[in-house]
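Naming follows writing order (A, B, C and D), and every chain is counted from residue 1.
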Amino acid sequence: MDAFTTPLLAGTATGALLLIAALGLALTFGQMGVINMAHGEFLMAGAYTTYLTQQVVTSTDLSILVALPVAFLVAGALGLLLEVAIIQWMYRRPLDTLLVTVGVSLLLQQLAKDVFGAQGDPVHTPGWLDGNIDVLGYHWPFRQMFTIVLAGAALAGLGALLRYTAYGRRIRATVQNRDLAETMGVSTRAVDRVTFFVGSGLAGIGGVAVSLISGTNPNLGTTYIISAFLVVVAGGLGQLRGTVIAAFAVGVVTAFFTDWFSSSMAQVLTFALVVVFLQLRPQGLFTVRARGLA
Amino acid sequence: MKQLQTWGRTWGPLLAIALVAVALLMVAPAVLSPFRLNNLGKYVCWAIAGVGIGLAWGRGGMLVMGQGVFFGLGGYAMAMHLKLEAAMASGGPDAVPDFMVLYGDGTMPGWWEPFRSGAFTLAAIVVLPALVAVVLGWAIFKRRVKGAYFAILTQALAVVFATLLVATIKQTGGFNGLNQFTQFFGYNLYDPVNKRMIYSIASVALVVCLVLVWQLYRSRFGELLVATRDAEERVRFLGHDPANIKLVAFVLAAVMASIGGALFAPITGIISPSDVDATASILLIAGVALGGRALLLGPALGALAVGFGRTTLSETFPDQWTYFLGLLFIVVILFLPAGLGSMWSQALGRLRSSRPTPTRASAPTPTDELEVAR
Amino acid sequence: MFQSRTRFATGTVLALTAALSLSACGGSKSGEASASSASCVDTSGDTIKLGFLNSTSGAMAISEQTVRDSLSLAATQINAAGGILGKKIEPVVEDGASDPAVFAEKIEKLLTGDCVAAVFGGWTSASRKAMLPVVEADNGLLFYPVQYEGLEASKNIYYTGATTNQQIIPAMDFLKSKGVKTLFLAGSDYVFPRTANKIIKQYAAELGIEIVGEEYVPLDDDDWTTQVAKIVEAKPDFVFNTINGSSNVGFVKAYYEQGLSAKTTPIISVSIAEEEAPAMGKDVTGQFAAWNYFQSVKSPTNDAFIKAFQDEYGADRPTSDPMEAAYTSLYLYKALVEKADSFDVDEINDAADGVTFDAPEGTVTIDGENHHIAKTALIGQINADNQFDVVWSSEKPIEPDPFLEGYAWWDPSAE
Amino acid sequence: MNDDYLEIRGLTVEFDGFRAVDAVDLTLLQGRLHFLIGPNGAGKTTLVDAVTGLVPATGLVRHRRQDLLRTKPHRIVRAGIGRTFQTATVFEGLSVLQNLDIAGGIHRRAWRMGFARRGTPSYVEEALEIIGLASLRDRPAGVLAHGQKQWLEIGMLLVQDARVMLLDEPVAGMSTEEREETGDLLRRIGSERTIVVIEHDMDFVRTYADVVTVMHAGKVLAEGTVAEIQADPRVQQVYLGRAHEPMQEADHA
C-alpha cells in the first residue's frame, strides 16, 4: 500500500520544493532570457538565513516564521545586487550571463565555506513541524506538508502579484513584448529588477524549506539546482502552469524511481525522461518570428 | 604589401601552431623537470578538450557545459584498457581488474572484455564519444533545442554521468575511479622516458587538433558554422539543416574531449568521477573563455593557463583558488568576452589594413538564442 | 583571401610533428624499466622535510583541515622535544583540493620535487588509491590516518586508521551482544559503504542477524525521506549507518521526522564523530558510533593530547578519531625512524614490525606484514553534551587483518 | 508548359483556431512577375511561410511534382524554392562575396565543405554582375545600404538557383531610383523563374506586375492584371470601405 503512497506524498513534497526553486528561474528566464546559475546559492543563502535567525530568535517555534520573510529579503537583495552589478550589463548575451553567474555561484559557495565553515550548521525543526501523520502506512512528516503549503503560498502570492498589481501588469507586458512595453512607457529596467528581486527572494523561501531537510552547507545549492533547471526546461516558458506541472512531475517521478531502483538511478532516469519528453513536446520551447529572422 | 598580408593570413596561424608545437615538444622537455612536464601533459589534455569547446562554443555557439562526459568516455575507455593490461601482466590473459575482486564478486562485466585489445580501445576512444554525441546531438538539435536549454541539458548530463559512475562501483570503480595502472601499451608507465613519450603523444595530439580546426575555420564549413551561430534560421533558408552543421561541430568537440581524457588517464595515473563531473566541465570552459573562445589558439592556450594557474595558485594560496576561478568567469566574460587572445588579435588588426576580417568569428553576437527563448 | 594561392599544407605539418614526437619516443619496454631514481631525501642538515598533503579546499576541506591541524600539533611537539634523530621536522604543506588526480600530482611533487622523507595525509579512499601507485613507484612513504574499507596493503603506506576488522566487525559483535535480530543498512552510494555492507551482510549471516533492508543515496544528496520510510516499514532493531558527510544531516532529520528514535530503532554510525554530532540539528542523544578513539577516552596521554590541541586551536575544538590517528601517525613515524636509525624507506620497513606508541587511544602496535596498526575497538553512545560515553570495548587491541584472512565466513567473491 | 510552376491548393494555416490562411488556391507560373497584395493581416507573409515550411499548414503545395508541405524547410530550399524576409537578413560580418558564396553551399557535396574557398565560383561572379554589386564585392554586408542588402539577398537566391523566388516586401524603404533598379532586376531574372512579390507600394505594383493576387482575411479576394484588380469593387471595398481610387492610399506599414 505505502509502496504507492510514500513515493507519491514524498515526491509531491520534493516537487513543491523544486517548484519554489524553479519559479524564480522560470520568471527571470521567461522575462529576460537570463539563466541564473547562482540561483542555487540563493537557496543556500535562505538556508543560512534560517540558521542565523535561529541564533537570534531563540524560540524555535517562531524562528521559522521569522526566517521566511527575512530569507525572502536576503535572497532577494542578493538577486537585486547581482542584477544591478552584473546582469543588467549583458542582457543581449544570455549565454554569457549564464557563465558569469557560474562564476558568482563559485564565489558564493567559497564565501559560505569561509564564513560559516564547510561543516554546515544545524537548523532546528520547530515543534509544530516535528511530527507526522500516518497516511496508509507512510508516516507523512508535517515538514513535507509544510513545504507543499509553502509552495502553494508562493505560487498564490506570485500569481496575485502578476495579476492584481501594477507591477504585475508591467511584468506581463514586458514578457509578452519588451519593445512594445517600452514604447508604452513601461520602464522595463525597473520591471526587470523587480522580477529579479522576487525570483531570487522565492529561492530564499525555498532555502528555508531546504534547511529543514538538511540543515545548511555550502554545497546545498548545487544539490537542487540541476533538478530545478530540468523543471524549467520541461515546463516551457512564459507560463507558470508549465512550471507547476513539471515541478510536481519531476518530484513524483524521481521519488518513484528512487523507490523502485535507487537515488542514483533515479537521477539518471529522470534526466533521460526529460530528454525524451523534449522529443515529444519541443513546441513549448520553440517559436520563430517569421517576418524578420535576424 | 598586400601579398604579404595574404601570406600572413594563411600562414600566420600555421606558424603560430608550429610555435606551440616547438614550445611543447622541444622547449618544455628541455627546461622542465619530469614532474612539471607531467603536469604540463595534464594541462595539454585539458587543452585538447578546450580546442573542441572552442569549435562548438566559440564558433558554433553551443555552450557545451558537459564536456567532462566525453572527456570521461575517452578517459575511462583508456583506463579500462590500462587496468586490464595491469591485471593481465600480473595474472595472465583472463585476469580481471583488482577492484572487481575487492568490491565485486570477481567477475568482469562482458562489456569490459573487448577493452583487453589495444586496437579496440583506440577505436572506442574515437567511436564511443562520437556515437553518444550523434545520438544526443540528434535528439537535441533536431528538436531545435538550443541556447541556455542546450547548456543546461549538457550540464545535467555531466551531473548524471558522474552520479552513474559513482554508483557503479563494481563496473567502474565508483568514486575511487580507475587507477593503479602499470603499463601503457606494453611500456612501463613509471619509467621517466616513457612518461615523456606519453607527454609527447599528448602534445602531438594537441597540435593535430589545432591544425584540424585551423583547416575547419578557414573552410566553407567554418563559415557556415559561424553563420549558424549568428543566424541559425537564416542558414536553414540557404538550404542547410542547421542541426547537421551543429552536429558535426558537436561530434568533433566530443571526440577531441575524449582524446584529451584518454591521454589524461595514463598521464595522471587516475581517472575518477571528479575529473569528469560538472565542476570539471566548468573548469574546461574557464580556460576556453579566458583564452578566447572563437580564436584558433585561444582555447588551447587558455586551458594551459588555467591548468597552470590551478597548480601554482593552489600551491601558493590553497584556499583562494575557487575565488580566482569565480572571478575569472566574471571578469573575463563581463569585460573581455572574446578572451585575452582577442587583445592580441586586435593589436594585430590595427597594424594591418582596415579590411574586415574574413569571418567575424571573434565577436560573438548571440542574439539568436534570445529570440528563440522569448 | 579568395585568391589564396597557398596549397593547403596539413601534410607537411603532420610530418613535422610526427618527426618531432618520434624523437621523443625512444621509451623502454616493460620489464627493462630503469630502476627508480635513488631517493633524493637530504638527511645531511639538521632538519628533515615531511609532506603534509591534505585538502584545504573543496568538499573534503573541513574534515582534512582537522587532520592537518593535529599533524601540525604533533610536529610542533616533536620539534620542541628535539626532533627526529635530532633533526627538526620541516613540514611542506600541499592542498589536495579534494581531487584524487591532484593528490597524485602533489605527492609526486612532494616526493620527487621537495624530496620529503615521508608524506602524511589523504582522506578519501579515492585519494589514497590515486597516491598509491606514485608512492610505490618512487619508493616513498605515505601515512594514511583514516578508517577505511580495507582490502589493501602496500609496503609504502602505513595505515593508522582502522581497517574493517577493527571497526565494522566489532560493531557487529556489539550488536550481537545487544541481542539485535534485524538490521537495516543505510549508506552513501560509494566504495566504503558498499564494501562495509558486503562484510556486514556476510558476518550478519554468521551471527544470525537478519538484514531487512539496504539503501544507498548519492554522496551529495540530502533527501532520505523515501529510504527512511522503508526503515519505518521494515521495523529493524538497529540501523547500521555508513553515510558520509553532510548527507548524514538529511538522514538523521528524516529519521526523527518519521517518528523513529534511539528508543525505537537506534542507529550505529561509523562516520559520525564529535564534530558531526552537534551539527545534526536534532538531539541525537542515545545513538551509537563505532570508532577506536573518543575524546572521552580516559587516559593521561589523551588528557595531554586534548589539552595541547585545545591550547593551540581553541577550547571549543573537539578531538576525533581521524585527528588522533593522524597525530599518532607522526609519532609512529618518529618511532620507526628511531628504531631503524635511518630515514631510508627500506630500512624503516625492515624495522617496522612491533613498533609501538602510547597513543591517546591506548597503545598501538605496527604490524610489519600489512603496515596497519593494532587498535582497540570502542562503541560510544552520544550523551547530552554531544560527547560519546564508551559503552563497549574490545578490551584489547585487535590485530589488523585488512583482507579478513582470519575470518572463515568471509568470501570476497560472494555478493 | 513545363512543370516548373508552383501550384497551391486549399492551403490553410491555423493558429489556435484562427485561420490566417484559409483554403487558398493559387497557380504561379514561370516567367511572370506575380504580386501578392492585401491589407495588413491578410495572410500574405503567412502564405509564404507555409510554402517555405516555416509554419505548419494543410492542403497542397506542389512544385515539380514534389509536395512541399511534407518537406523540411532546408529541403524546400534545395528543391528550388527561395525566399527573402521583410527585414533583410544577410550575414553582416561576411563580405558581399562571402554572402553569395555561402548561399552556394547546396551545390557542393558535404565533404567539400571541409575545404577553404579557392577563387570565386562562376555562379557567384554571375550573380554579382546581375545584382550590380560587383564593385562592392569585398565590402562587409553590414555596411551596405538598405537597398543593396535586398539585392544581395536576391543575389543569394540566384546563387541558390531558386526556381521559385518568394520576396517579402523587397522595395520597402527604398528610394525611387532603388525601386526602379529593383524592378528592372526582377524583370531580368524573372523570365526564366517563378517570382512572387509581396508588396504594398502600388506604384511599384502597377509598373512591374504581370499578375496581381489580392488577399483579404486569409482568402484570395481577386486575381488578375493590375487593371482588372483596380476595377474590382470588392478590392476597393477591402482597401478603403468606399469606392474611389483605392490603391493610391493603401497603407505602407
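Methods note: a residue touches a chain if its C-beta (ideal position, glycine included) is under 8 Å from a C-beta of that chain, and two chains touch if they have at least 3 such contacts.
These numbers were taken from a predicted model, which means no experiment stands behind them.
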item	value
Chain pair with the higher count of C-beta pairs in contact (B-C, B-D)	B-C
Most distant chain from chain A, judged by the mean position of its C-alpha atoms	D
Gap in Å, rounded to a whole number, between the CA centres of chain D and chain B	44
Where chain B and chain C are represented by their mean Cα positions, the distance between them in whole Å	33
Where chain C and chain D are represented by their mean Cα positions, the distance between them in whole Å	73
Between chain C and chain A, distance of the C-alpha-averaged centres to the nearest whole Å	37
Numbers and ranges of chain C residues touching at least 2 other chains	3-4, 8, 61, 189, 216, 218
Junction residues of chain B, two or more chains touched	163, 166-167, 215, 231, 234, 237, 319, 322, 358
For chain A, residues contacting two or more additional chains	222, 262, 264, 267, 288, 293-294
Chain C partner contacts - residues on chain B that touch it in the complex	6-7, 9-11, 14, 17-18, 21, 25-26, 29, 33-35, 38-39, 42, 89, 101-103, 105-106, 163, 166-167, 169, 173-177, 179-183, 186-188, 190-194, 196-197, 199-201, 203-204, 207-208, 211, 215, 268-272, 274-275, 311, 314-315, 318-319, 321-322, 358
Complex contact set, residues of chain B against chain A	61, 63, 136, 139-140, 143-145, 147-149, 151-153, 155-157, 159-160, 163-164, 166-167, 231, 233-234, 237, 278, 282, 285, 289, 319, 322-323, 325-330, 333-334, 337, 364, 366-367, 369-374
Chain B to chain D touching residues, read off their complex	215-216, 218-221, 223-224, 226-227, 230-231, 234, 236-241, 355-356, 358-360, 363
Residue numbers on chain A that touch chain B, as the complex places them	29, 33, 35, 86, 89-90, 92-96, 98-100, 102-107, 109-110, 114, 222, 226, 229-230, 232-233, 237, 262, 264-265, 267-268, 271, 274-275, 278-279, 282, 285-289, 293-294
Residues on chain A engaged by chain C in the complex (per definition of touch)	2, 6-7, 10, 13-14, 113, 117-125, 130-132, 137-139, 141, 143-144, 210, 212-215, 217, 219-220, 222-223, 255, 258-259, 262-264, 267
